């Protein structure tokens, strides 16, 4: 019998296999559980803004991917309805950023998830909060693949 | 004597030349003015999430870039302190998304900017609001380049 | 035949008659239209925080009421799902604050509304954005009262 | 020698003594510590919106007060710069609502605080996140009163 962590991993792998963006940016899923996801990304030279530090959009995208894996971890398709982010420290080229998403509340339809983005020195880079909306359909197919 | 629109364009070009991320994602600056920026991006096959529609992070990054160009348009370096986004419609592969950033309020140090992201059919895809923080330094050098 | 402005006024009056909080705080509805509401409130000595200027919660409550009148102006009951506010200037005791709510987007179920709070000198005090969720029922009764 | 919890209590009492709004709405401070505050409020018949459940502005005001006590708990005056709130369940007349504020990050100048509002059945009513800005002055006077 599959437990909730195994299901979360299968959901994440299914999502990741279709998620060209997360792959394109080199994200790797480090950990999964029910309502929980940890995703890594290295800040490459393509991810800088004009100042130059890591573009806020890239930090957001990392957090948003972790949010997506977490809010889809129970095999219920959910999409983001709205998000907010606060930037606390800049990310630098070569940094390994880690986004840890954790459910705060999951109701029948809507859910709220918090994501913390840290760097390799465990400093908080950004705080993200996302609101998810379940569509009422399952992520995995009939054969659960 | 340079007017505020010409200054806005020069600031945007300076910023864009160092902004590897906006270039990497194929963004183009369509219009600039004081506290105002219009930026385009085509949704490529690298920008999809697992569902598949345009990854929310890519829509955010486009809005965030327009926000950055708008809040740096007066030759005062400003960085994003926090942002929120609401997704109203999905973006599709091949869509041309347009982010229009407009200042709502700009004080001595902090400013608030609204960005609307639309598709080629003038449908609103997302609403973004960003808070900027001026650092007290100028964007353009002594020779204003 | 009733036009959209008359309907908006009737919805607001119905809502206001049951809204003990808006009355308790002395709010007055100044203008109504479809997706639009203007509400006034004088900052009394009961509304101060410890600094002392107007408590952020009172500014928020004023904005939230204007938002509620605007998002219920089409006789479709809507409740707030989430809001954010940015404080730009303090409110002072005796100030007359005006909240002007304007729809940004209204879909079948969800809508986004912007509210600007100004003082009697037309200075912006706060910017508020609210997300509304329609419940699928009408505000006015069978006899439209 | 005073510890951080005693200091937090003294800061909260000083703030509360000038905060006419929190007193007016019947809030009581239940617990204090460094970066932490717990505040209660009973939903009275003056706090209802038109539906009728507790006006979102009253829930926000409770959360905002807990946020203020928490972000001023180290004797550094801080004011709210921006906040967002998500409503998960309605509050009812007679409910005792509890706002628990906890620092997420506190830098030299800015800080981020999360507040959870629950009812007497430990159900989450709302999630609030506030950004604080320190002004560089102390809350307690020379004699620390």
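Note that the chains are named A, B, C and D in the order they appear, and that numbering of residues resets to 1 at the start of each chain.
Here is the rule we go by: a contact is a pair of C-beta atoms (placed from the backbone, for glycine too) under 8 Å apart; a residue touches a chain by one contact, two chains touch by 3 or more.
Here the structure is a predicted model, which is why all the values come from computation and not from measurement.
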Reference chain C; chain at largest CA-centroid distance: A
Homomeric contact chain C-chain D: same or different residue positions, threshold half: same
Centroid distance [mean C-alpha coordinates] between chain C and chain A, Å: 35
Centre-to-centre distance between chain B and chain A (centres being mean Cα positions), rounded to whole Å: 23
Residue list for chain B, restricted to those that touch at least two other chains: 81-82, 84, 86, 110, 131
Chain C contact footprint on chain D (complex, rising order): 14-22, 24, 45-52, 55-58, 60-65, 68, 77, 79-87
Residues of chain D defined as touching chain A within the complex: 84, 86, 88, 104-105, 107, 110, 112, 114, 124, 127, 129, 131
Residues of chain B touching chain D in the complex: 81-82, 84, 110, 131
